[in-house]
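Letters are used for the chains, namely A, B, C and D, taken in the order the chains are written, and counting of residues starts over at 1 for each.
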Amino acid sequence: MLQILFDALSLGSLYALGALGIALIFGVMRLVNFAHGDVIAFCVFALLWPSTDAMAIVFAGQLPWYLLVPFVLLCGAGLSVLCEIIVFRRFRQANPATMMIASFALGFVIRYFLLMLFSSRPKSISLLPALSQPVEIFGARLPLLQLITIVTTMVILIGLTLFMRQTRFGLEMRAAAENFSMARMLGVRANRVIMGAFALSGALAGAIALIFGSQTGTLDIQMGASIMLMAFIATVIGGLGSLGGAVLAGFLLGAASVIMQVMLPIDARPFRDAFVYGAVILVLLFRPQGLIAARGTKERV
Amino acid sequence: MSLLALSDITIRYSRLTAVRDVSFSMDEGEILFITGPNGAGKSSLLRAIAGVTPVAGGRIDLAGHEITGQAPENIARLGFSMVPEGRDVFGSLTTEENLLVGTGMHARERGWRSRAADELEAVYATFPMLKERRHGQAGLLSGGQQQMLVIGRALMTNPRLVAIDEPSLGLAPNINDQVYERLIALRAQRQLTLLIVEQSSARAMMVGGRMILMRGGQIVLDGDARTLGNGEAIQAAYFGYEDH
Amino acid sequence: MTYKMRIVATALASMSFAYPAMADDKTIVIGFATAESGFMEAYDKPAQEAAMIRIDEINAAGGLLGKQIKVVKADTKSDRAEGAKAGLSVLDQGADLVVVSCDYDFGSPAALAAEDAGRISFFLCAESVKAGIQGVGPHSFSASVLAAVQGATMAEWAFKEKGAKDFYRLLDTWTAYNKGICDGFDWMMPKLEAQGAKLVGDDTFKNEDASIAAQITRIKSLPKEPDAIMLCTMMPGAVSAIKQLRAAGINSMILNGSGVDGSYWLSAVPDLTNFYVPVQGSIYGDDPNPAVLKFNATYKEKTGADPSSQYVFPGYVMVEVWAKAVERAGTTDADAVVAELEKMKDEPTLFGPRTFTPELHHQNQTRYLIVETKAGKPGVVGNWTISEPVPMDALLK
Amino acid sequence: MGAAASLANSTAASAAAAERKPARFALARRTILTPVLLSLLLLAIALITVMTGSRPFNQTVIDVFVRVILVVGLYIFIGNSGVLSFGHIGFTCLGAYAAAWLTINPMMKRGSLPGLPEWLLATRLPYWQSAVLAALFAALAALIFGRVLMRLSGIAASIATFAMLAMINTVYSNWESVTGATSSVVGIPIVRTIWPYLIGAVVAVFIAWAHAISRSGLALRAARDEPTAAAASGVDIPRERLVAFVVSGAIMGLGGALMAHSIGVVTPDTFYLGLTFITLSMLVVGGMGSLSGGVVGVVLLSALIQGLRWLEAGVSLGESTFALPKGFRK
């Protein structure tokens, strides 16, 4: 039982962090950023030296953890901000559909860039190997990493909440997420807030990359895609633009996945995702605005 | 030199022209009412000054700077503070957070924190009710309280010119009276320049000051509110009787 | 005008007729409709390099039927629609043999184009029964071994040689390859159960699953840790699954398909032990056949790197068996060559014997080397040939 | 493409005009030029292709025609309703598999797809009949899904359509006995002449046009531009959306069937996110609101991609999407 709870929490953590990254950007820009998954993949590949050989040439991955973590987070933030400056800034006035497709195209470009540098063959890396040890807690034997994933996620969530509530920048960001043009009329700088959101979202992508990378030990240019999809769905169910909702829905999705894996008979297990998506449609039908509707989210004019 | 000057401003929404060649200026300390029927282009004009609606032609100057085409946040930094129609409070933020959003733009100046704190106390002094609800969610305030909040929020940026779009909209008459009472007191207290958009000219005539009447995107009357108070001229202009 | 036009037209027509005929006279053409870019490139290229090594050897030894082999290429861009075009393109260039992508899904559009034109197509290393008569037609072959043979080999070997009794089956439902491994395992299991083995549980996961914690919890809730886990999966999910299994403290034998061969990923699971992979030849420098070592050296010389996995080898085998069949038939005519190929029974090649029959253009029983990884070091520990061939109904399941 | 503009303009005159029959005939006369011109453009492309006699090029153009069908199908729903759908490629998947079920040799079917009902196992139809049935099957699925989904609007609707796509994909990727799961379904007769695809594309264009000037299409576009006004004047938005959803579902199914016949194998992952976004990009680049925009978008973008491939640009898809942003800004 306890084991299932931990399984659900650790999977939910990944989804929640991903959903948060998408919700942050959606909040300020009304952009559903499909390139988010590719930013995650980029962060992991930043640990390697570009090479199309089967054997991975570890580069930054050898750094001690106190350098490695900031390095990956910075990579994510940097790439994300770069995307904003080069691409999304030109689409601020465009309709959401155009922006969504632009983000998908951007994701494609990042993926093909990685493909060119690293080839499509999955690479392997031993990231923070100390975390792969099993530990015993309340009679349940868990991989240490699972525990760390949960704890890290909690720390990130608490830190982000404090940041959003206690700092001027967080205040401006929350105001901008709710009503962008009103915030600007009160002197909140649009570029700064949007770039801040992209930087935070990119850093979250970096965090996911680290967790995911050390959990799977594999680097694959597609690796961000599945998390991105689940995170995207979590963002919507949670109520687009609502950060709390995104986190909640991320954990719910993680729990739903794990519980279905446990409960469904073996013949139905491969269809697990169909049930999850069916549940998504149900949620949308009954609460089209999401579980926690973002209050007063006005369309940007 | 005037604080705000508009010359030949034209605003278009795709094929629809909302405002056509409008020019006027305001002096420091002045109170100006812009009135007119629905669709006269009043709100568009205000939004254009604030920088959120692009202008198709003409030029706007504020405090000696040209602000045509400037970003809203830069216009705000020149001392323009806007209270838009429909009281756009940040509903998920607390009352106090709402008030503090606008103080951030002075963050580069020394001592802004203590000044922001002073401002906050001043606003609470003017609107004691806001202090009571300071940690409550702004979205849960009543309409009148929200109106006070957005006015207070506009004052927190330490502005020279406050523009208010339809403060009476959706408020009970007695609450509306209260709002105006406070506004007039504030103006006297801070030497504010006020630009107020209202549909009816009744309020302008009561308060006094200058009044511009717009219709069909153009200015049809401009003068002292009380002199223009002659009902017939106003009504003719308001409803466009001269066309018939 | 008509007279002159007619001359030009006739000249053009005769040229276009003459061209393939000319090609027939002086050279034999092998067309590669494989991925030179995109996702599949990493899988097609090594096997293609190996094929080129064999082609160069044949050309250096005087050619095939006294003619030099010419190679033409068209890129499938790792895309199915582009694959069909690539197939048509090499056929237009006169290919006698059309070599298509490693994977059945990506290779079949080009193979179908070749089948339409009545030419022989060869999958570089597809391991589905469909890569051949069943999925393309009577002129199509695969150079590798069926995935089911891998699953069956591992099960029988683990039971007979390692004394494994309790088996657990973990299937990644992502691809037909994965299912093929488990199909072979499922076919072998009842035979072993009759001799005392037991299937203690089974579960599925998806290659892209971020975490297989729930599946691991199911294994851990068994009364006793299974002796062996048959892991039917492939890269990249395989590494993740193996890492998570070991991180959860499960130390059972892990049995795999050939898809996880290679040492390039071992760094992800430090000190991996009790881990077994079937391979057609060893890339670790310890193959019992010295000719394989020589091939590996040639490969390194040509490409600058050691073979990264056993999937290099089928490319060589492909040219080897096809060229033999052409020699015996004395022509490149597709039907004659197919007839010769179908006569091959336990035909020795550099990487084990090969058999083709009029029913199956693929291997349903062959010798596999078993590679064990111990403390992070892979090495050959034996070889195994399953006791009977995997029958057709198990393959078509 | 002047006719396209007139078609778009006619939207403005929408609801009122729709009330009077004679006006509709006038509308049809005024706008018929658009589908006719588009068909002529496609015909010209087909003729040039046949004249070159190159088989790979022929295959390329077949691809283009299939994409034209898909993008026109998308346009019917997205263009007219203004709701972005990520789910339509799901109908393409349904159509492609339906075509496979109907055309594969019964002998092979019994072996590879034993879970099919007996009557289907025994059926073997010519490809054009199967394409029509595939379209109807997709339309039926669209009707069922649409009944539920069309109550939603805006971003919730987009996400729900995406969830629908993911459901279809998951089911088709795992239902071993009926769809062969992730492994390819083979034995679909390959049609390598260009004409059936041309006819399919032209039919799609004319259906899109007929829907656009139908009462339902006009009402839907009115609702897209002025939702409140349209609702007030009695337009039943979910119903009109459903009509468009079903019609577009049928076209997507037709496209899927032809796509299956153009390659000869189908797998579920062909019909997932990649194809969804490529077709959506083509629609957006051409301009979401107009039929000719969609068709021209496909032709131009395909030409661009092909051009880049000829230049051996290396990263084909990456490069072609690089070029997108310029076209994006309307």
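Everything below uses one rule, namely that a residue touches a chain if its C-beta (ideal position, glycine included) is under 8 Å from a C-beta of that chain, and two chains touch if they have at least 3 such contacts.
A quick note: this is a predicted structure, and the numbers were derived from the prediction, not measured.
By C-beta pair count, the most extensively touching chains are A-C.
Averaging Cα coordinates per chain and for the whole protein, the chain whose average falls nearest the overall one is A.
With centres defined as mean CA coordinates, subunit C is found 74 Å away from subunit B. Subunit B and subunit D have Cα centroids lying 50 Å from one another.
Centre-to-centre separation of subunit A and subunit C, using mean CA positions: 37 Å. Counting only residues that touch two or more partner chains, subunit A has 115, 225, 270, 273. Within subunit D, contacts with two or more other chains are made by residues 173-174, 314-315, 317. Under the contact rule stated at the top, the pairs of chains that touch are A-B, A-C, A-D, C-D.
Interface residues of subunit A, counted against subunit D in their complex, comprise 32, 34, 87, 90-91, 94, 96-98, 100-102, 104-105, 108-109, 111-113, 115-116, 225, 229, 232-233, 236, 240, 270-274, 277-278, 280-281, 284-285, 288-289. By the touch criterion given at the top, residues 84, 148-149, 151-156, 159-160, 162-164, 166-167, 170-171, 173-174, 273, 277, 280-281, 284, 288, 314-315, 317-318, 321-322, 324-325, 328-330 of subunit D touch subunit A in their complex. Of all residues in subunit C, only 38-43, 78, 173, 202-204, 206, 208-211, 213-215, 217-218, 220-221, 235-237, 239-240, 243-244, 246-249, 262-270, 305, 308-309 touch subunit A in the complex they form.
The part of subunit A that touches subunit C in the complex is made up of residues 3-4, 6-7, 10-11, 14, 52-56, 58, 115, 119-126, 129, 132-134, 141-146, 212, 215-220, 222-223, 225-227, 257-258, 261-262, 266, 269-270, 273. Residues 50-53, 71-73, 75-77, 81-82, 84, 88-93, 97-98, 100-102, 104-105, 107, 139, 153, 157 of subunit B are the ones that touch subunit A when the two sit in their complex.
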